[in-house]
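I'd like to ask you about the structure that follows.
Each chain gets a letter, A, B, C and D, in the order it is written, and its residues are counted from 1.
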């Protein structure tokens, strides 16, 4: 019972954070909302019994990745966004569109679920099981993903490095 | 000289850089130095010292005082080595007057001067180490500095603004039993320098922060007018005490520490060795202290002894005349330089034949040394600026005067 | 050491290497010389100060490679009013020489920053306190006084207490 | 199974006690630091307030409380106020999973000396400390001052970098004990080798891990020689330049609470937790483990303070290079070797 109440509360916090993320115009507020989303997601995992996933969620997403986001925002010293005009079309079409598509998604999910709701504590939680899944059952996808991420990192480094002419002038100067 | 061709302006050149205002109220600018830094991330692009916050117009004030009244003003210029300033000024005026100074006064001057040098270097070492984060050295240094200040108090009645040297000699005989504590201090001090060196010289972090940092070549140092340990740290073997002796320094034997690297560590090691040499000079002065008078035999210039003044009519008249109308100094001009703890401290005194100096100009070693800062720091990191400021050992009182 | 009278005859001082060098280069540039209290002073003609400085700096036998100081003396109301005083030092020969430039009509002189960058602050200070302009100085601004200060405090016609 | 009421009551009591103890410990760590550094530096440290200056923390607290609370006009107010709260909250939260002793029985309720014993205790601590960065980063940014910003950037970069080494240094211990639960990790360290060397992890080949942890911990808590974010001689006071009064006190508290957390963790993971000789009557036997634990924490804190009194500070690029080029490879090597040994043994 307590679990369910907590689950609902944090689910609400999560959704509220997500909405706030979109509504806020200052990038740092949006980033902080995203952290709230991550944090409440972690609590949801915890309530479902997946402690390890919850902890990893906090350490990696909220603790590391979001810090980098905040870092970048601080470095660029990004100010408030301007409200763009001429978005009436988006407003007219967007809201009904969102409503329709979310109803559709919900209907599809409900129609095809056919299974029971996941009971609390039933998710694969302990690190041992997760380790087994990652390094045994899904070893190939896991490694392929890591290679993919590595390539992405290298691409990012190449893209971010200043062009050669700039480097040259820096060395001389 | 790249640092001269690109004189900084206040506007940042590109979007990448940021102007950071360091000082005048900043913990590590040693007083009221203000540095305008243009930084890219934490890399210094340009650096512009802004001085004058401590300008008191001492040079102007001197023109309105009698010659002997200028002595206390000189204390206030470089408040870390008042006796060196006293010495430089009185030597200049004595040269103008053509006075002969008795040997005891000369030896006392040398001894106290070297104690002043140690005093100043202790403050430098403490604050320099504090800037780089080694907190304890600061308090150890001030412990020994306290001893020296006590000696100054014994001899002159004042801890910092001593004004002990007078035109023509010393203000007073050193008190009875003065040499004993000096000797004790001189015996004790080398072990204390070992203590500082134990904490710093071999420390890898200290080495990382100082070696290869804020490097300056010998040519640049000469061209930019550096002097003192800042110059010797770049490998120029020049010390006024040895090469152009004054006040009887030719009677003492001492080494002049020189280091070739030109970085912060080189300047550090020069000064630390200088402390050891200075204490050796103090020892020699104690061992060979001559007997005799402490004032020149020039009744029109030198104040008579207190007792004579109260018993002899002539002495009383001289006393009255010197105090009320000063003494006339023959026309001429003199530049007298001494090796202060920071470099070449020079007094340029012009006399027009009256009792007040026509012009007194102080050549501040720090002012010239400060010009090295941009050359040292541009292209380096913010933390290196702090190390560099510490290594050129500036005293804003002297820079601004 | 009792005072001996100053020597002001150029002929008696020709033995000094700095002076000899200068006379050999251009005797027009030397306005006079004085040897007083063991210090040699050479009066330089205003327009040739920069050349004289680089000449002395690059001298092979006796290079006065170190600019110790630049300052100024105001002889108001006498004329020429300002005397710019340069103190040079030879680190190798351990000798000093003093150069002087008298400025009469207009307080202006060539800057020696191109010879010694060390002159930067010294000349700025003189500009700040005496109002003497140094032509060719890369950044001639007030050094010690505030940017908007009026008057030049070390001039003799500036009162010691300042203008109230 | 304990009843819900006694569980709730015990939890509340334990939380209150833990908070009280932690805050007192924070206050007296400050006192200890001032005293020890004072003696290192040839001074006395606090002596005036109470015997041996023991009431000094109280006086300091009062002083902070009554200082004028200045909010500079150009700050981003919401975050400026939130930042110290974030910092202190996360710093204090981490104590919740730290056990300070074995089970005890009070008034018939048998309870561990720990607010909550979760089976991922270590991960929770890591998570919480990694969230602590936000307090510092946001303080630096929201102050809208250049020194604060530089301090905040330095702090966040430093904390992220060193957290990697910190985490990796702990994994060796995890491999050895096979659990994330701090209580089980401590239990795995009971007993001795050949009757006299205690089976602490530090003696089980984790000595390098301990030193990596030590260094990373200094960096995580922004202490000398890694106190770059608040290097007063470069950045005035770093990220808390613009803070005053209680807000500054919160950062101050957070720093010392983090120190205590780190010290506790070191004792638990490497130094055998509360294990030590037990003797005497039953009440003494239940108290002694706490004493042994506190002694270890005290020893660790003493090392902290000792180093502060001795070493100069790194430069920022040197700090980063040290973290990434030296500490991290060392931690990975340690991890690989420990893994190999454990794998070969089993």
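Note that in this section a residue touches a chain if its C-beta (ideal position, glycine included) is under 8 Å from a C-beta of that chain, and two chains touch if they have at least 3 such contacts.
If you're wondering where the values come from, they're calculated on a predicted model, not measured in any experiment.
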Comparison of B-C and B-D by number of C-beta pairs in contact, larger one: B-C
Relative to subunit A, chain with the most remote C-alpha centre: C
Closest chain to global C-alpha mean, per-chain Cα centroids: B
Distance between the centres, which are taken as Cα means, of subunit B and subunit A, whole angstrom: 62
Whole-Å gap between the CA centroids of subunit B and subunit C: 24
Chain centre separation (subunit B, subunit D; CA means) in Å: 46
Chain contact graph, described as a line, ring, star, complete graph or other shape: line
Full enumeration of touching chain pairs: A-D, B-C, B-D
Interfacial residue positions of subunit C with respect to subunit B in the complex: 1-3, 6, 36-37, 39, 41, 65-69, 71, 73-74, 85, 87, 91, 94, 96, 98, 113, 116-122, 125, 129, 138-139, 142-146, 153-154, 158, 160
Partner subunit D, residues of subunit B touching it in the complex: 18, 20-21, 26-28, 42, 129-136, 138-140, 143, 199-200, 203, 205-206, 208-209, 381-386
Subunit A partner contacts - residues on subunit D that touch it in the complex: 76, 79, 118-120, 123-124, 126-128, 130-131, 133-134, 137-138, 140-141, 149, 152-153, 156-157, 160, 163, 167, 180
Of subunit B, residues touching subunit C in the complex: 1, 3-5, 7, 51-52, 55, 57, 59-61, 63-64, 95-98, 100, 222-225, 236, 238, 243-244, 330, 332-335, 337, 344, 346, 348, 350, 358-359, 361, 363, 367-368, 370-371, 400-401
Subunit B contact footprint on subunit D (complex, rising order): 37, 40-43, 146-147, 150, 224-225, 227, 231-234, 236, 308-318
